[in-house]
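The structures come next, written out as structure tokens.
The following pair of complexes shares a single chain, chain A, combined with chain B in the former and chain C in the latter.
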Partner chain A sequence: MSTEPIGLARDLAPKGVMRAQVGQTDLAIWRSTNGVVSAWENRCPHRGMRLSHGFVRGESLACAYHGWHYDCSGKCNYIPAHPELEPPSTIRPNIYSVVEQAGILWVNTVADAKPVSLPNDLIALRSITLDCNLPSAIDAFKAAAKVDAALFNGTVTELSQHPKILSLESPSGANGIVILFQQPHPKSVVAHLLAKDVYQTNELVAVSRWCESVRHKAEQQ
Partner chain B sequence: MSGYDHALKYWYPVAMADELDTGQSKHTKLLNTDIVVSRSNDERLDVNAAGKSLAVQHAYGHAWTTFSDTPYPLFAIPESSEQERRFVPCGVVRVSCSPLRAVENFLDIAHFPFVHTGVLGSEPHTEVYKYDVKIDETVDEVFATNIKFFQPQASKSAEGGIETEYIYRVPAPMAAVLYKTCPPKPECLDVIALFVQPLDEETCDVWPWMALYDDTSSMADLIQFQQLIFVQDRSILENQMPRKLPIDPGHEIPTKADLTSIAYRRWLKKRGAYYGAFERS
Partner chain C sequence: MTITLYNYVLSGNCYKIRLLASLLDINYETIAVDFHPGQEHKSKALLKLNPAGTLPILVTDGHVFTETKDMLTWLAQHHDQSNTWWPANNSDQLTRVVQWLEFSSRLSATIGELRLNSMLNKAIDVEAAKHGSKICLRELESHLTEQRIKGIQWLSGDNPTVADVACFPYTALSPDAGIEHDDYPSIRSWLHALRSLDNFLTMPGIHELHELKSTQKISP
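Up next, the complex of A and B:
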């Protein structure tokens, strides 16, 4: 499994916990009070509770079932049922590599996360979930871009050769958006949207609405 | 013998004894088999599977059935004949989890401050003190005794926080009985039982039943109190992975507070009670 974009970095605020699916792996992603992001298998080693239901307490994640705390390295550092006990260092969830780049959180469940390189004039706009398969999602965005070329100053070109990235630009390269696709399940796609930093706020709203209309079309096929 | 074959030999609750009017019936499932529960006359409920009628007995506020012609006898709850107690069947809670996970959660006290916050437990009173667990060989049941835990609202009848005493008993793989301090009558123990109907290995209907000393609370309040507790438990049970209960050591890491759960898993394994277990027998 390659490095996957699983969400926008700013959608995971300090003390936030979210759930993501990468391949067969269910993940809990959380950000400590000081901002450190961790990506773990979504299963507490104690009794299997999904860690994505947990709460951030300072620099630890507390499981929702019995309140065990795990620090940012994954080590269990507090068991409330035995407040005096120093928990054995073997108690830790499976930990995966996660990095933040271009405003996106990237996870790799088998090796170090290596994000694809992206132009640095992009800002992360939003993530949107489509209930369809990956080819339908990509086709829907391509087709809509040709029809609604106003967003790209009249005409649009496709740039990326990457199978899960769609890069749509005006011929001058001045306007454009990049969509990173993630496929948590065979029939569901998450599109993470990045836009060139030239767009005004009202234009970003238009891009965002446009994506919703594309979702609508993709899901109807 | 497979886990399924083993599970066939027990009695299971499928309805409250006073459920259904004469002439009414309901469809449900037991061990992955469709069954029909109906009331043909005022006294009793009938249970049918594929047109064949199954044995039925009424006990502890519920109608129980079995697929076996030679089942293990239904376990005894002697307190069910103490007439001063109030007997409260609490209805049913459907949970998407292994029936064994539902029982194990019922045997667990360490979660009280986090799942039943302000009711059965509260921080900072999180410590689980040493308690005793044994398998009573004469009846082949799991017993946990000498459990003490601080509870802000131990029951409907409790006025403020008290140190509550618990005794747990597991008389069958899919049933557990709890004896706990009775706030208005400290020399006696309230009885709260959990009867689990396994719909399949990953879905169950949980039927709580209580035998209490409480003359003041209304029936509706008592039921609502228990229902609230079980709905809180459901939010955990439906998010434990895997859904089936791992009964071999190694998948999950227990501590001293989990002695009851450890004994329960060992006891299941020894009997071959693998229905709802993560491992195959």
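Up next, the complex of A and C:
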């Protein structure tokens, strides 16, 4: 698996836990109180409970089942039923590489996460889930961008060569959006949208609504 | 003034009243009703109080409330000195509060029904309820995303209101009905914000956020 975008960094606040699917791997992604993000296999080494049901306590994630605590390195540092015990260092979930870049969380389950490089004048706008396959989602966004070109100041150019990134710009390059596609399941696509920082608030709201109309079309195909 | 809530602990609608009462620090009494399996809400005595045969019922000096939205509104009007949970002095915000109060009924009619099917085997059209639940959650996600883009944290404005309290329970409890929050990042952030409020109250299926303070207490 390559490095996958799994969400907006701002949508995972400190003390937040979320679940994500990358390839065959079910992940628990969490952010500590001090802001450190971790991406782990979604399975407590103790009894297999999903860690995405867990609670952030300071710089540790506590499993919802028996409260075993794991620090940001994955090391088990507290077992409530045996408070005097120093847990063996072998007790740790599988840990994956996660980085924050361009307002996006990127995960790689086999190697170090290396995000694709994006222009630095983008703001991460929103993630939206579409119940369709990847080609339908990409086609729907391409088709809609041509029809609704007003969002891009008149005419749209497609820039990206990457199969799971759609970059739509006005000819001048002043207006535009970038969509990163993630496919957690065969019939489900998450589109992570970034917009050039020139858009006003009401225009960003319009882009957000536009995504919903695109989803409506994509799901009808 | 005595306030009495006819209550069933697993009911999302009863929880709305308990939650607002907790947030506003309102004293009240509860009378436990054996909703399941006793069907006590359909008993002669309770039908006399509420012919609709629904829960919750709120009885105060001179009033018997049978609609959850009216209870929330009344409690906020009479027990919130800040006038923010029912923003009577802000007509624009109040209009939005009324709209999202209405929306909360749709959450009850979809996610609430699906949850009753999952937990108590209530006979319903499951596919229709699943479809309706998804439409509601997408609408809520869309609105909360737009609010976030505008820099607004809550459903109707910069402060939480009875609308947030009304929409919170069945949204938060949707995993009971088999609908996870994975696809709804803005909903997750809003649920987290509501659970972070002072005097937040839990119910089965909605737990508290654990703070660092309690870790320091229990960790070695």
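Everything below uses one rule, namely that the second predicted complex is superposed on the first by the 221 of 221 C-alpha atoms of A that agree within 3 Å, B and C clash if a C-alpha of one lies under 4 Å from a C-alpha of the other, contacts with A are read in each partner's own complex, and residues count from 1 in each chain.
Quick note on the criterion: a residue touches a chain if its C-beta (ideal position, glycine included) is under 8 Å from a C-beta of that chain, and two chains touch if they have at least 3 such contacts.
Predicted, not measured: the structure shown is a model, and the values here were computed from it.
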| item | value |
| --- | --- |
| Chain B versus chain C as contact partner of A:80, first or second or both or neither | both |
| First, second, both or neither for A:49, with chain B first and chain C second | first |
| More chain A residues in contact - chain B or chain C | C |
| Which superposed partner A:142 touches (first chain B, second chain C, both, neither) | neither |
| Chain B versus chain C as contact partner of A:7, first or second or both or neither | second |
| First, second, both or neither for A:164, with chain B first and chain C second | neither |
| Chain B versus chain C as contact partner of A:217, first or second or both or neither | neither |
| Contacts on chain A seen with chain B and repeated with chain C across the two complexes | 80, 83 |
| Footprint of chain B on chain A - complex, ascending | 26, 42-43, 45-50, 53, 64-67, 79-83, 85, 90-91 |
| Residues of chain C defined as touching chain A within the complex | 138, 142, 145-146, 149-151, 180, 182-183, 185-186, 188-189, 192, 209-212, 214-215, 218-220 |
| Interface residues, chain B side, partner chain A - complex | 108, 110-111, 113-115, 123, 126-128, 235-236, 239-242, 246, 251-258, 261 |
| Parts of chain A lying in touch with chain C, wherever the complex brings them together | 7-8, 11, 13, 15-16, 18-20, 33, 55-58, 60, 62, 69, 78, 80, 83-84, 125-127, 129, 190, 201, 204-205, 208-209, 212 |
